[in-house]
Structure formats: C-alpha cells, structure tokens
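Two complexes are shown next, each including chain A; its partner changes from chain B in the first to chain C in the second.
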Partner chain A sequence: MSSSITIKEQFEIPGKLKTWAFALMGVGLLALIAGFATKTGTEEERAVFIGTIMYNTIFWTLITNASMFFIAVTTLAMGGWQQSFRRIPEAISTMVPIFGAITLVVLLYIAFTGNHHIYHWLDTKSVETDEVLRGKSGFLNVKFFTIWTILAIGLWSLLGWRMRQLSNEADEERMDTEKGNSFIWRNTVRAALFIVWFALTVGSTVPWLWMMSIDAHWYSTMYSWYTFASSFVSGMSLIALWVIYLKNKGYLEYTNQEHLHDLGKFMFAFSIFWAYLWFSQYMLIWYSNQPEETIYFKNRVQGPYKGLFFLNLIINFISPLLIFMKRSSKRNYTLVTFMAILIIFGHWIDFYQMVMGSISKETVTLGWLDFGILSFFIGLMIFFVSKALASKPLVPKYHPFLKESIIHHT
Partner chain B sequence: MHLKYESQLREPLVYGEKTYHNVTEDIVRPIEAKPSKLWYIGFYIAVSLLLFGVYSVYRDVTYGIGQWNLNKTIGWGWDITNFVWWVGIGHAGTLISAILLLFRQGWRTGVNRAAEAMTIFAVMCAGQFPVWHMGRVWMAFFVFPYANTRGPLWLNFNSPLLWDVFAISTYFTVSLLFWYSGLLPDLATVRDRAKTKLRKYFYGVASFGWSGSTKHWQRHESLSLVLAGLSTPLVLSVHTIVSFDFATSVVPGWHTTIFPPYFVAGAVFSGFAMVQSLMLIVRKVFGMQDYITIGHIEAMNKVIVTTGSIVGVAYLTELFMGWYSQNKYEGYTFWYSRANLFSPYGWSYWGMMACNVLSPQIFWFKKLRRNLYVTFFMSVIVNIGMWFERFVIIVTSLYRDYLPSSWSVYYSPTIWEIGFYLGTFGLFFTCFFLFSKYFPVIAIAEIKYVLKTTGENYKEKMVHLEAVDASVFGHSGHGHTIVDNESSN
Partner chain C sequence: MAKKRFVVGCFDDEEVLFPAVKKVRTAGYKIKDVYTPFAVHGLDHALGMRETSLHTAGFIYGITGTITALGGISWILTYDWPLNIGGKPHFSLPAWIPIIFELTVLFAAVGMVLTFCYISQLAPFVKRHHFHPRATDDLFVMVIETTEKTNVEDLKAFLSNAGAVETDSHFVEEGWWIGRYDREEMPFENKQIVAA
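On to the complex of A and B.
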C-alpha cells in the first residue's frame, strides 16, 4: 500500500486571482481618494467618511477572526471532520493581524483626534455636563480604549499565530499514539487560551467599546453576543467560499460534498441563531417600550433606515431559512456559493446599520464610497489569503484526525 | 461495505469484549432481574417525599396560597424559582438527543435515553408549580384558548406567561414522542426475550408491534430526523420564553436583553449537572461502567465548564451593564442589592457566583474532569447554584424595586413551600426509579449502531489502519481495498 498517488496539495496562486486582488484594491484606493477629496468638507461628512472605513475594517477583522474561533472550537470539541480543509480557516485567520492593524489605526485616529461625531464620549464638554457620560467615563475613556484595543487585536493575532504554528507539525511526519496525543493536547491548550480571550473580547467588551459606545447613552446586554453571531455566520460563509474556490481549481481532494453539507449546516444554523438573538434583543426592547432603549431602533425602524432594517432580516434570516432548509441545497456548490456571498453581504449591511445608523442618524449614506472601501478589503483579503494558502500544504497530511475527515459522512 | 474507522486517539465508547448479544444482555438484565434492596430503599424514600408533597399541595388548595410566605411585594418566591429550576434541568435531554445528534457526537448514545427520561420527569415537576400557584386550581383550564362563554375574559396573548403554556406543553409533547419512539425497538427486544406471559403482553403492547423489518427501521430513522429537527429549536425556545416571563417587564434586574440566550445556557448547564448525578448512580447501581465510561463523564464535564463559563460571561455582562447603563434602579439592584455581600440577600448572589461560575472552572483540569467523586460533588453544587440563580433573579428584584415604601421584609418559605418542593423531588425520583426498573436505561439499538466503530475490541482491530497512508483512504472508495487487503492477509 504505497502512497504512490500524488494529490495536488500545494496551492499555486493563479495570475488571474492576483489581478482581481489588485484590481479590487485599486478600485478601493480610488474610492478612498475620491471620498477623501469630496466627502470631508464638514465635520459631519468627515465622521461619515471615517465611519465608513471603520465599520468595514471592524467587520473584516471580526469575520476573519471567526475562522480562528472555528478552529479553536472544533479543536476543543475534538472534531475530526474539518481537518481536510482546516488550512483554509487557518489561512483566513492570517488576516487578523492585517485587518486588525487597520482597525487599530482607524480607531486610535478617531480616539486621538477626539472625533465626537463618532464617539460622543470623546467630547469633554458634554462629559462634564452630562451625568450619564460622566458616570461611564471609567470605561469610555481614551486611555482604556487604546490599551484594550491594542490588547484585543494583539492577543487575537498572537494566539492565532501560535495555533497555526502548531498546525505545521502535522506536515512533518506520521505521529504514533503518544505523539498524536501530545499534539492534540498542545492544540487543546492553545485553543483554550484563544477561546478564553475571545470570550473576554468578542463575547463581551470589544463590541461595547468599538460599536455600542457610538450611541454613548444607549446600552443592551445582548449587543456583543449579537455582534458575535453576525460575524461568526459570515466567517463560516467566507470559509465555504474559499473551500469551493479551491475545489473548483482542483485542490482539496479529500474535501467533498459531505464537508460542504456540514459547512452549509453551520451557515444555516447560525443564520437562525443570529435571527434568534436579533429577535430577543429587538422584541424585549419593543415590548418594554422605554425611551432610553427604543431610541436605538427609532431611526432604524421608523426613520430613514427602515428599508435596510427589513432587508437585513430578509437576507440574513428569511433567505437562509428557506433556501438552506433542504438537504440538497447545502450539497450544491453553486447554491452554497450564492448563499455564502449573500450572507456575507447581508451581515456587512448589518454592520453598516449598526455603525452608520448611529453616526449618521438622519440620512442613509450607503453609496459608492461604501462599496469602494468594501472592494479594497475584499482585494486585500484575496491577496493575503491566497498567499497564506500557497505558503504551506493544503492538507495537514499527518494530522491524527485527517483520516476521519476523509471518510466523513454527514 | 462502509469502512469503520475511528482514530486510536479517541477512547472507546464501549469497553470490553462486546458483541451485539452482549450489549442486549448487559442492558436488559436489570429489567429482568428482581430489583435490589438499594432500589427499594430509594424508591420508598422517593414515594414518601412525593406523599409529603401531595399533602403540602393539599394544604395549599384547601387553605389557599396564604399557606405560603409570599406577600404583596414578593409575589413569586420559591414556587417560581422551583418552576424555572426544573424547566432548566429538563433541557439536557433534548439537547443530547437532538443537538448532539446533529453534531454527530457518538458519546450521546451512552446517556441519551436516561437524559430524555429525566427531561420528561423534570418538565412534569416544573409544571406543578405554576398550576398549584394559581390557588383556585380548578380554574386551571382557563389557560387554554378555547371558545368560551366568559365574554371578554379571553386569554391575554400578549402575556409571556401564556407563551409559557404553549412553549412548555409543546416541548413536553415532542420530548415524550422522541423518547418513546426511540424506545420502540428496545422495548421489542425486551418483549422478544420475555419469559412470562404478563411481561410479553406488557412489552408487546408497549412496543406497538415493532418487528424490526427494514420498513420499520426506515420509518423509525425518518421519524427520528423529523423529531430532531423539531426539537432543536425547542431546546432554545422553552427557556427563551421562560426568560421572557422576566425580561419583558420593566423590573430592575429582569429587563435585560441578554436573558434569552443566557437562560438557555444556564438551563443546559443545570441539565447536564443533573444527568451527571443520575448517570453516576445508574452506572454504579446497574453496573453500566462499560457503557457509561469515564470518557462520557469527561465529555459532560466539558459541557458543564463551557456552559458555566458562558453563564459567567452573562452574569458579568449584566453586572457591568448595571453600572454602565448609569440607570440608578439597575445600579441599585445589581450593586447594592445583589453583589453587595452585606445586603439581606447578598449571600444568595455570592452563592450563585461561587457555585455556577467559580467552582466549574476546576473542570479545566483533565484529572478533575475524570474523577468520579469530584464530578458527583460538582454536579450537586451546580444544581444548588442554579437554584440560587433563579432565587436571586426572582426575589432580589422583587423585594426592593422602585418604591421604597413597598419594600418587603425578609422572605423565607413556610414548611408547606418546602414540602411542595421536596414533593417534586419525590415525583421526579419515583418516576426515575420506575423507569430504570422497567425500561432499558441505555439505548440498546443506538449503542449497537456505534459499537463497531467505537467499541474497544473493534477498535483494536483497526490499529493497522493508523499506519495506512491517508491518501489511500481518499482513493479507496471509502476503504474497500484497505479492508479487503486486511481480511485476505
């Protein structure tokens, strides 16, 4: 039984993909320059301009970080099925330091220039006179904001990098039981560290600090879990997209419809989970009808954001529910591709309304600038993810659970 | 032939030299034997508790709710605390049957049957509290929406209390169907082995004429899938709606948007703790160590540390928002009433924190996860902690809210409130003892399903597959060649 059959496991970046990446980044840069030239006249315009970059960069940081979350969780759960394509979420998670750096620069720029059109709590005069803001200043202040943001992004990057480093050992040589156990054990420890930090940041503090504090008076205990659900389901969709792309190019031979089906289940289940959190938050605020809470939804449901508000629900809940309910749809490459793009777009819209609905309450600014900046981030993601994919074998050949993944039946 | 393979790094789910026949023997034997002395002692204690409960409820019905120490301010006390506590415990069964089934977790087969039974009994216990709390219990049928002659006195569909009626009765129905349809093949196994006429008759009726034909299995499989699909949202919906009982109000400490998912996590947490307590007893009393292995116990402890930590994040989120909101009523409830150890009920908040958040953290250590004594002790601690959680939420929010002139004096239960609670333990354990005597406590058919992949003796035969190159797995059409080569050697 020799392993004479060679499989295509070394990804080579097609020239066309590179061209696409550069083109998208180029479009993005042009949009950025044009936006800077035409949309930064007044303070309000500047807030919208920076806010547009801000929600994009936070969105992409969180959805690429979701890949590392996926790896950490499946590692802790001793999952076997994901091993045949685990290098894809690994490659996507290499974006965390890159998008994280952009996020850091943008957020610190806002904080240090005191842009109180975005973060009202940066306005020292208001804080002095406003009892509520003064009370919150122990949390909402530049110092803590800076330290926590650096720590959050830094540790996601570091702990994620350590997970990926460990994964390289699966390329080296076959592991016997003892070695395999020690490998799994070290993976477990590193995954646990990542998860704990993830819970303390994405699961709680970071969405409050970065996004919820735009409405400095408003609060909702659900906010962070909601943000997590939104970013996780988009993160799963992004993984599915890359898996399908590589399949189409003839790679990932061990990954088949069974794995796709399970990815589809994740997209389906977490779309519903997102809707569940959405409903819980919205319904409880609507039901008790207290002005200090309903203010958040006022302009979103009854004001200019009404259309986007319902679009958000249709794209992110109704369509996955109806389209992904059927088994065959989760096993169909074309349909999963379509749904993955739709879900990522839908949650991008969700992030848009979460952030911009608070910065620009009266007018919906969604336009060419948003799509331009989005294309910059997509281009950047394609460029670096494909590089990361090409940097090591696509299959962790000696991973102790790889064989389980190969014969996986959903 | 479909290749049976599992990594050697995973522990076997079934220990010992086992064939299909051994599995049947091991699991059905306790049903066919006379119960042990221990069983009788336990059963009598349970029945006595149940009778005490019946008497407590009799007092409540005859003399009214005044038998309890509830008052105008603390309108919900032990009753609703116990109700939520039992409903929460009733979550693990469906989670194990439905969600772990969807996640293809093989270890669920060792514990799913008992967990599902436990779910049903726990929901039965939970249901007692709101019903008897009505006082005029003969009016209980008012909760059903039917055309009536009471004029405008129609149900309030806006009330989460009514949603509870629908949520819990749906949950109970689906759980019961799931549990029972899973039992059918196993009951038929018991029937086929029966030596007495009565036994044959009883299990014959109970197994609905199951013959084990392909058609039966086929329908059984599709039914399981449909029920799993129905149960999965139910796992979330029941405790979500229970949380709405509190969260839709404007009472400080109750109105918080994170309540639904955090209640669900807490429910799973307490449910697993209860499964753990029961399974440790069952494996000892019936000698099921080969089927409920340390690996099973460890897996459940992992669920406990995960859900305990999720609940911990939720507690801290609430506490943080109590300050961050700068809402003085929320701030008062969280910081002066609950988290303040020296307030009248401070002890219950810290009891909750210690039991639910701090103590499960010991399960980060593998040694402790696999220690039976620690596990049993922790499973009890967790359920005490989850009882505290409901008590904290209900009583500490009610006894001091917006109007200090209505603040209540200290609330402690009367003997009849405690008796009612003990009575539900009686009901729960009476049912569980009967179940464990007359029904297979482990799903025989499902153990057989995983046996050849994860049974110890079958795994030993797979050792050679570890040396086979991964690419062969990919090219062999799911392993035909590997298996054939091996058998011809």
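On to the complex of A and C.
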C-alpha cells in the first residue's frame, strides 16, 4: 500500500442518522412509559412487561457481543480478510457495556424483587417443597445469579475493551517485522482470553441462567449453543448492515463484494447451524417423549405460539437456505441488506418465543410494546455505534494483515 | 479421434502469465487451456471462462436425494410396511429428517464428483496427452489451438516475446483415449536411458 492513496478514514455522523436514532429512542421511551402506565396492573402483567424488556436487552447484549466474538475468532484463526472493516465489529462491540448495564439492572431487579412469575426458582416456598428445584438450587439461586451475571457482563466488557485498545496501535505507525509479530501475538493472547470467557458464558452458563431457568424444571444442554447460534448469525447480519451503510455513504474503499460475500457466507452457514441445533433439540425431545421435557414445546408447537414457532423456522432457516444458496445473492448489496434485516428480525422473534413463551404460556403478547422497546434498542445502538465509528479511523492503516484484506478474493 | 497441432508456451511466473494470457487473447489466438502446478486465483477470469454450473448440478442432485429419501421412507413406513415404533405415528417426519439429510448430501456429493470427472474427462484407463511434464511441478503451461492458417513459428516467437521461457509445438490427439501412451508420449520418460 503506497502512502499516496488517500482514503476517507474519518466517519462523520450524518445528521439524518442522528435524527433517526433519536426518533427511534423517543418512540421506544414513549412505548416504555405507556407500557409502564397501562400494563403493570396485576403481577402477571408486570411479569410480561419486565419480560418484554428482558428479552430485548438480552438479545441486543448477545448480538453486539457476537461482534467481539467475531473479531476474537478471526484473530485466533490468523484471518486477514476482515481487517478492512474490522472497525465496524469493534464499534458494535462498544455496545456491550451499555446494553450489558441495562441487562444487569433488569435481571438484578427481577432477582431481588423475587419475581417468581419470571424465574420460578425465586419462589422460596416452591424450592422448599419441590425436589427438582431443590436439586438445582446450587446453580439457581440469587447469590450465584448475581455474581455470575456481573462477572459475565463485566468481563465481556473488559476483555472486549482490551481488544479494542490494542487495535488502536494499528493507527499509529508502520510496524517492522518485530513489532508486527509482537502486535499479532498480543492480539492472539487477548482474543484467546475473550474466547475462553465467551465459551464459559455465552457458550454454556449464561443462556441457561438468564433464559432457560424461566422454565426452572426444564433443561436442555443444547440451549446455550442454540442461543449462541441465534446471536452470532444476527450479529453477523448487524455487521453486514453497517458495512453496507458505510459503503453507501462512500466509506470503506477497501471493502468490496469479496468481503460482502464472506459475510454472506457466515450468515448462510450459521443460519443452517442454527437450524441444526434447533432440530437437534427438538427431535431428541420429540423422540423420547418425556413429559418433563415436552412441556417446553407443548405451548409452542401445539399451543398459542404455534404460528410464531413455525414462522421462526421459515424466516431463519428456509429463507436463508434458499435465497443465500446462490453465490450471486451473497454478492448483491440489496439482497444482503434485505436478508440481514430479515435474519435479525427472525432471531428477535426467536428470542421472543424463547422468553415470553415461558412467561406468558396462554397468550401471545407480541404487540406495540415489543416493537416499541425494540425501536428503543435500535435507536440506542445506532446512536452509540455511529459515535464509536466516528471516534477512530475506519481502517486500521498499519495493521500487518491489512494488505491481505485489500487483495482478498473468495 | 482427430489429431491436431497445438502450440505450447511455458511460463515460470504467475506475474508473467497473466499479462501473457491477456496478450494472447487480444491477439486473437484461442487458448485451449493453461495447465498450472497449483490453482491460480483469477486465472479462470483472465481466460474468459464462464462460471461453472457444477453447483446447479449439485443442487439438482441434492433435491433428487431429498425426494428419493422422503418418497422412499414415507412409502415404506406408511404404505408398504407400516410398523409401530414407540407408538409414534406412521408418518413421523422429525425422525426421518436425518436420513433425508444424509441422502441429500450423499446424492449431491457423489453426483458432483462423477459430473466433475465427466466434464474434466477423468476416469480409470482414460489417457490424455501431456503437454509438458513440468506442468505438475513448477511451470505454467499455456496451450494454444491452431488452424491451418496459423503460422506456428510466428506464434512461438510471439509467446517468447510475451515472456515464455520455453515454446514448443505438438501434433497430438486432441481428446482422450482408452489404452496406453505411445513411446514418444510417455510423459515422464527418461530419454537419456533410452538413448544409451
């Protein structure tokens, strides 16, 4: 790369984007206030209200955290192709502390007010008499829940922050071999630390603790991987959306169809991976037909959630499978935008039925409140991500692997 | 099968090969193929080859596998020989999906391999002429088709100009044949030992 090439490195936030972010946040806040005023009469209603906030905040925390996972995993794999747009997943991952804080507040509020309409294991009377709940009380108790939630969110934020700090060095000066080697080595170490913590949390305990424990009797070891697949594929879609947005605004000169193709491949592959886990979880339970296991699917497959449950499968598996199968569709900006929005929406619906299908078993509560809160989170995400993008150069100029990304060819 | 004259230009560097391919094509010569020791990124583009249809074939084989499996299992287990398995309904789709998936993959994989072998004319006992033994080692071998009107010497000079380290012309079998190599066509023959 010769130094005479000039690129637009500095992202300037368009006024329109800010307006949109504030409008979405405003709509969300209005919905939140209206929901608080009208939907918190009885204890059941309150559980639905808090549950709605809860699945939204968990969804956004996990999919923004998936961005840091993407960086860590490509760093460990010595990947070079993502360097030309790596500042975008980095910017998205700055949302983890913010969404994480909201999640922490919501979850601790539930735990400390003992809202057993959401977490059945918070009901101390039931735990005393119920053998199953007593057996799980070593894992499902307020103390462990609190400590583990704080640790999870805190360490995601801290380790992600350390990765991003290291990335700043790639803006400073050209690296010689020795400096480049040490830079890559430190990247590897920090990425590995993040991955280990990610595996211990998103890959296993956190989805069990935050979401599966709503059905305190039911369990599925597949659940965490399933949640991870869900959040990772939506996370990749979110990255693709930002990449396309910035491309449209004339930034990211080094990023082209080849990179889009690889992002599309991730979206395609992990949609199938998600369906694989969905099916594995479903078929094992269907096959053995044990009442304590089928209870989870009873109201989802045969009850009021039937429509959403199968819509979920169509949006998240059938449509990516058929539309993204062709090479040309993964290289088409319009189609990738459409699919990214569809996939994020589909997995949001998935999170909805995972959480609310257990909190409100009899009625589907999907309505204006859900979309209002969703728009609040989207507005928050747009506002802070664009701010984070503007705070750094868009391309890590002196990253040793940048050339690999520029000449990338799928 | 028909014999034909080909002009061969050997290059020892990718960086030279790409402009050479471009020059040869703009000069109007028809490149039969370029034999390379390893897969060269973008060479198919430079040669102006069309996008492969192998994946479309793979999709069709896959769908065939899906239909075969679904049709087969549902006919066997609901009509021909219904069995009561664990009290499940005869038509129990979830249990069949792994098998449907496996047959889809099997049909797609085997079908694509066979199709690939067919279009690249690979099979046991099938022989083709080797234009240069070092094509599997370190040379990029460009083979150009000729007509009666082609001036072979001119073409060779043109190739040398374009950076070929070695040029040659072969009057050889165009396609494949079953049987054996003639003595002079043995690709890795050690000529010195024969001479002695």
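What we mean here is this: the second predicted complex is superposed on the first by the 408 of 410 C-alpha atoms of A that agree within 3 Å, B and C clash if a C-alpha of one lies under 4 Å from a C-alpha of the other, contacts with A are read in each partner's own complex, and residues count from 1 in each chain.
As a convention for this text, a residue touches a chain if its C-beta (ideal position, glycine included) is under 8 Å from a C-beta of that chain, and two chains touch if they have at least 3 such contacts.
Bear in mind the structure is a predicted one, so any value in this text is a computation, not a measurement.
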When chain B and chain C are modelled together on chain A, clash or fit: clash
Partner chain(s) touched by A:18 [first = chain B, second = chain C, both, neither]: neither
Chain B versus chain C as contact partner of A:219, first or second or both or neither: first
First, second, both or neither for A:287, with chain B first and chain C second: both
Partner chain in contact with A:331 - chain B first, chain C second, else both or neither: neither
First (chain B), second (chain C), both or neither touched by A:204: first
Partner chain(s) touched by A:361 [first = chain B, second = chain C, both, neither]: neither
Of the stretches 207-215, 297-305, 333-341 or 387-395 belonging to chain B, the one that collides with chain C: 207-215
Contact residues common to both interfaces of chain A (with chain B and with chain C): 287, 409
Complex interface listing, chain A residues touching chain C: 279, 282-283, 286-287, 289, 325, 327, 409
List of chain B residues in touch with chain A within their complex: 2-3, 5-10, 102-104, 233, 236, 240, 244, 247-250, 255-261, 302, 309-310, 313-314, 316-318, 320-321, 323-327, 364, 465-475, 478-479, 482, 485
In the complex with chain B, residue positions of chain A that touch it: 1-3, 5-7, 76-78, 80-81, 131-132, 135-136, 139, 174, 176-177, 180-181, 184, 192, 199-200, 203-204, 208, 219-225, 253-254, 265, 272, 276-277, 280-281, 284-285, 287-288, 290, 292, 395, 397-398, 400-404, 406-407, 409-410
Chain A-touching residues of chain C, taken from the complex the two chains share: 41-42, 55, 59, 86, 94-95, 97-98
